[in-house]
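Down below are the structures I want you to see.
The following pair of complexes shares a single chain, subunit A, combined with subunit B in the former and subunit C in the latter.
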Partner chain A sequence: MDIVTMEHVTKVYGENDTRVWGLHDVSLTIQQGEIVSVVGASGSGKSTLLHVMGGVDAPTSGKIVVDGKDITKLNDEQMAVFRRRKIGFVFQAYHLIPVLSVEENITMPILLDHRKPDKEYVEHIMEMLGLQDRRKHLPNQLSGGQQQRTAIARALANRPSLILADEPTGALDSKNGSEVIALLQNSVKQLNQTLVLITHNIDLAREADRIIKIADGEIVEA
Partner chain B sequence: MGWIWHLCLANMKQRGIRTGLTILGVVIGIISIVSLLAIGLGVKEELLNMAGIEGSVTEIRVLGVTDGKRKDRMLTDRKLQAFTDLEGVKAVYPVISLDTYVTYENYIGYWSIMGVPREYLEGIPVRHEAQEEISQRKPELLVGNQTGYFLYNSVTDNTYAELHEGEDWDFTGDTVEVQFGWEENSPSGRLTIGNMTKDDSYYIYCDIDLLKQYLKQMADGGTIPGQPVNENNENYNEWIYSSIIIDAENMDSVDGLVKDLQDMGYQVESNKEMVDYVQRTVKIIQIVLGGIGMIALIVAVIGIGNTMTTAVYDRINEIGILKVLGSDPEELLYLFLLESGILGGIGGLIGILVSYGITELFVNKLAVKLMELPKETQLAIIPWWLAVSAFFFAVILGVLAGFFPAKWAAKLRPIDAVQK
Partner chain C sequence: MDNYRKLAIRYLNMNKRRSAIAIFGVIVTTVILFTFLNVMCGLLENERKREREEEDYEMVFFLQSEEQGEQILSDRRVKSAYIGPYYEWSYNTQNEELVHANTLYVNVTQPYRINAIFNDICQNYGVEGEINEYLANLYFQGTDEEGMVAAALFVLLVAYIFAIFGVGIVRNAIQLCALENIRDYGNLRCIGASKGQLKSIIYFQGAILELIGIGIGVVLGTIVSYIVGAVFHMEIGFHLIGVILILIVFMGDLYFTMGENSKLITGMSPLSAIRGEYRIKKEKIKLREHNLFGKIFGVDGDYAYKSLMRNRKRFFRTVAAMVFGIAMFIGIAGAVHSINEIIKEKLAEYRYYQIYFEHRLGPGKSIEEVQATLPSAKQLERLTQLEEVTEAKRIYSCDIWLADTEDYYQHYTEEFLTTTYGGDAMARIHEAYQSASEIEGKARRLDALAAIECYGYDETDYARYESALVEGTLDISDHGIVIVNQGKMEKAEELTETLGIEYVQVAITDYHVGDTIQIVNMERFGDMVQTEWERLDKEAEEREEQLRKELAGNEQEFNQQVEELEKEIYLEKKIARYNCWQELISQGDYETYTIEGIVNADVNRSGSYFRIILPLEQYFAMTGTDETMNTGMQFHFDKIPMDKNLSVICNEILWGDMDINSEIEYNGLDYSEYVWMIDELMNMKKVIFFVLLIVIFVVLMASLNFINATASNLHLRRREFAQLRVIGTSKERLVKMVLLEGVITTVIANILGILLGTGLCIYVFYFVNLINKLEFHFPWLASLGCIIGSFLLLCGAIYVPMRKLSQSMVEDLTTGGD
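Let's turn to the complex of A and B:
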């Protein structure tokens, strides 16, 4: 089953002389349960690809269907609902909410969707990511690896259709980095999720089911 | 909505110092405006009290005609009933005033004794609280504590006040010889002074019913002292009052009543001019004081606005995360409005409580002492409505101050917010 379909997606920043191509006529499909790595140089458009796929940035033109829904037709409110139900984000800089504990950060997407957290499931995720002993800690009391594991747990909390990870190991040393990636891939496999992962690390990229290479806003090798 | 409260309180706690300082700003603003308005209100009461207004500010005195020429203007029980039915009237009291010649020990004086209904009499603050058994035959006198100025020593021609300077005069329990009229053969009798007024007063009061009874006895079939007579030199067959005191429902109904009564042809006295003067003065005081307080509050509001703006800038990242995670834009707006509302509310609450303390301690105790005013003087009054409206005012201003930063936060594009 196709979970993501992008057709002729273009993203242009700026106007006229200052216009910069973020994405240039990109088309691709991603299957349910697939783990896909996106590789490419800085400024090649990897992050833009992830952002338009996850509904945090709107494409200039083209069609993006995620889990059967054309997200280019959604307004701001609908887009917010789409993000919290269908997408789990993991960022390089973790982006945890500093005043909330590990557990509170993890359940945030569920609360934002006005639902009660499924305690058992949240417990299961925390166990999978080795966070049970840290549940009451604030982000600044955690190591980088622990923070990123919290972010991964948060991304999984709402059982989204698609997990988008933008260089999740970029801020970690290689030992912690490969541990986090292993945990991420394990969790995704266990929960039968779909993962799109941006990485610089070609070794990490090779562990994916498929590698998408991107340069100057275009897919050069899929 | 639960997460909004939680996140809001967690953030305020995390940024404790800034939260505290912002609340302090609101507290100072509220203290200024509440205390200054409280002083305005207190001073108004005090001015009305100190203005030397005899009787209440809602009192209107309708003067009667007693010379028999204008029979229709004479004040009778029927007129009393008619006045009762006027709009804005709370109560009416008939008054019989008698010019008398009194002898007290070796002093003589010309006292005007006023017979008033018992309910009116009971409203006058007296020196001796213990109510003695009322004599059913003779009226007892309630004597103004300034009446010593109207008693003259028949030998030295000094007033009682001059001869007893610095003393606390008290005639209670003494008797006076009262002659009703100036002629040699005017009827006279001995009356007991039952009490003294507490406040400064030159009047002498007694119960009107007992006075009527007493005057009838004095008349002994002849004409009743102080009552007008017709062409045949006979009393009318009903009581004619010297004046009628009308107690208006409130200060604002005094104007209309005075006008109505004047239109009916009566001569009317009221404390209206004094009240008007006091109210004008008070309005100026309140505007000035309120204005100063307002400036303090505006500074506080700018403080909240400043805090909220920095809070939004500081938290662009957090806002971005919430947006990326899919929070509804309006919930984000609530998050910030709630925070600024709480800042205003807490500041308002503390401000009001501290205002009670400050006005009580510094104004009603210390300032009153320094200005050598009577101990129980209330120079500042915080009525409940002032406290309640100050609280809501603080909350509303807080929310308003947070509105534009909050709106801006809600509008941020998620991607901009995260990348910053």
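Let's turn to the complex of A and C:
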């Protein structure tokens, strides 16, 4: 089953003289349960690809269908609902809410969706990511690796259709980085979810089912 | 945590101090507002109760038939009713006139709908009637409802102004918190929070702060209301309507201001959160030329000026607010200073014995007569026992009569006769006296020309004049006297420039040491006049008796005749006194006294006249009196008396047993107006205190708002600061650079504010001067206070958040996305 379908997606930043191509006529599909790595030089358009796919940024033209829904047609409110139900983000800078504990950060997307968190499932995720002993801690009481694991748990919590990770290891040393990626890939596999992962680390990228290479906003190798 | 809205509580907890300050602001505004509303409601309630005790009906109907009455009675809107005659006051007959005998007096179930119900009943039952206007007004009804509605609107306006303050402080606190954590809101958007959800977190924060503050404020306000009630002896109670009103205006205002706050954070896109862009509004950054501040402070000044100009609106708003504040402060300080000066000046005029009750002796007045009008021993005792009274003394005073009025008149200075109110009057009296051909004309005016006040003082009081001695000595011989020759006197009317009374300091006479004056034998003069007056009094009595017989039954005629008689006898007495005086002079029965000392101010007593002062023994000798013949009591206070009893006792002395309806008859008792002056001063102090409270409140609220606004502004610029740090600006230098912005703002605001404030002062001073002449003082102290206060406020508002900011700056830079 196709979880993501992008057709002729273009993203242009700025106007006239300062025009920059973020994405240039990109088309691709991603299958349910697939793990896809995105690689490319800095400024090649990797993040832009993730942002339009995850609905935090709108493409200039083209069609993006995620889990059967054309997200380019959604309004702001619908987009927010789409993000919290279908997408799990993991960022380089973690982006946790500093005033919330680990557990609260993880359940936040569920609470935002006006649902009661599934205790067992949340417990399972935390266990899987080794966060059981840290549930009451605030983000600033955690190491970088632990913070990123919390962010991953949060991305998984809502059982999204698609997990998008933008250089999740960028702020970590290599040992912690490999560990986090391994955990991320394992969890995704265990829970039978779909992952799009941006990374500079070729070794880590190779572990994926498929590698997409981007240069100057265009897919050069899929 | 089971609801995302609880994030609001987390944010409030995160900066407890700020939340506490915001709540405190709400509490203060609520306490003041609730007390005000509660007292208003209490007063209204009391007035309704009082009115119902007198006239307990809201409307009357003039019944045409019994059935009509029954119909109205069975109307469910009628609460209670009774039947009776209806009277109305008539201006023509000056009496109550019967309007309608069979009248139904009605109270309705909904007094706030009196008008509507009244019209309805009139129409439904075809009856005429009237509304009890006053009572209806107390329910904002009646034909004159506009007045009460206007009053109610005014109350609402006051409530709204308070709400602006109370909500403003909350808005700023939350805005600041939102800006500090704006990235969180972007992250929440990433993980799927809608704009509405973010808004609800902001609204929730505001509501929590407001409700806590209002809750505590209402409790405290209730207590304060009770205290106010106890102080003014009123029953105030607790009125829910105040709470409801506060909730409506506070929450209503909160709804709108929180909407503004929400826009701030909902404008934050999820993408900018990921990228670490915290600036919300993109601003145009213009290239600017080097400027004055750059020349003075170098590159730092350049940066400060450019930063200020980058947000011109905010800069001008800040400066305008500060200029306004400083000008108001200086203006008020100037007014307070003027009032203080006037008070000081006025109080100083009361001299050593500020309060006295005196009835001077004089020819024709017996000592018994005089002493009968003085306050009772008991009253004087009560005065003496007041804490602030440090001295109480008997007064010895007497009018003594000159033998040669013409000689004395010639000694009046030109200045006194032409520039003062008293001198002007004296000149007129003198002229009338000179040109009078009949004895009547002379006798009428003689006392004004011949009588001089004379006071006897004991050793300590007498010695006090040493400080005012300008010529000769106080150590006088047997036939020597000391005169008070100068006075601060009321200016002649045609010379007065202000609306009030003006004073001039003049020498009254041109007497010098060695000059002499002749004084008639006062003891004999007194005896002679008294014999004559007793004879005249007896004659008057007899004639009145005769009139009563003649005009029995014709009271009006009798009263008129008696009045005529009294006037005649009054003149006869004056003529008799004139004759006695002439007789003494023709017999040479007067003595010559030499002026041996001249003082230029009466240090013991207020009032500025030409006076003779003597040591007691000599006073007794000159006036033929003795120690028992005191003519009053005088009291010294060593500090301004604050005891309420003082004015109570004094009022009792002067009009205690007086019937309000009886005609006030002047009994000759002289008194100082010091007490009433003090009363007025107290009232003025209350007003100043109240104004001060308001000023403090406004300054406090404005400062808090300013501090918060500055902090949010600095937060918006934190990436820029981080960049400055990265390119090698030290923490201290950065703080200094930003502080310079505050310094520039304060300097400009102070210069303009003090200029404007001085203008305001001069303006106030101009009006004060219309009433009371004063010297103008520049309000140095207030200006200095403003400069220091505004510097502390502005620089503090910048320094504190900057120090915190500069610690977390590097983090701000490095967490910025990719």
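Structure notes:
Keep this in mind: the second predicted complex is superposed on the first by the 222 of 222 C-alpha atoms of A that agree within 3 Å, B and C clash if a C-alpha of one lies under 4 Å from a C-alpha of the other, contacts with A are read in each partner's own complex, and residues count from 1 in each chain.
By definition in this document, a residue touches a chain if its C-beta (ideal position, glycine included) is under 8 Å from a C-beta of that chain, and two chains touch if they have at least 3 such contacts.
All values reported here derive from a predicted model rather than from experimental measurement.
Touch criterion met: A:His51 reaches subunit B and subunit C at once. When both complexes are overlaid on chain A, the residue A:Leu100 reaches subunit B and subunit C alike. In the superposed pair of complexes, A:Arg84 makes contact with subunit B and with subunit C alike.
Of the two partners, subunit B and subunit C, it is C that touches more residues of subunit A.
When the shared chain is aligned, no partner comes close enough to touch A:Leu191: not subunit B, not subunit C.
In the overlay built on the shared chain, the residue A:Glu167 is in contact with subunit C alone; subunit B does not reach it. By the document's definition of touching, neither partner reaches A:Ile211: not subunit B, not subunit C. When the shared chain is aligned, subunit C comes close enough to touch A:Gln92, but subunit B does not. Comparing the two complexes, residues 51, 54, 56-57, 76-77, 80-85, 87, 89, 91, 95-100, 104, 108-109, 111-113, 154 of subunit A contact subunit B in one case and subunit C in the other. If you check the complex, the residues on subunit C that touch subunit A are 1-4, 7, 10-11, 13-14, 181, 183-184, 187-197, 269-271, 273-274, 276, 815-818. Here subunit A touches subunit B in the complex through residues 51, 54, 56-57, 76-77, 80-85, 87, 89, 91, 95-100, 104, 108-109, 111-113, 154, going by the rule given at the top.
The part of subunit B that touches subunit A in the complex is made up of residues 2-3, 6-7, 10-11, 13-14, 317-318, 320-329, 331, 413-415, 418.
Within the complex formed with subunit C, the subunit A residues making contact are 42, 47, 51, 54, 56-57, 76-77, 80-85, 87, 89, 91-93, 95-100, 104, 107-109, 111-113, 116, 154, 158, 166-167, 170.
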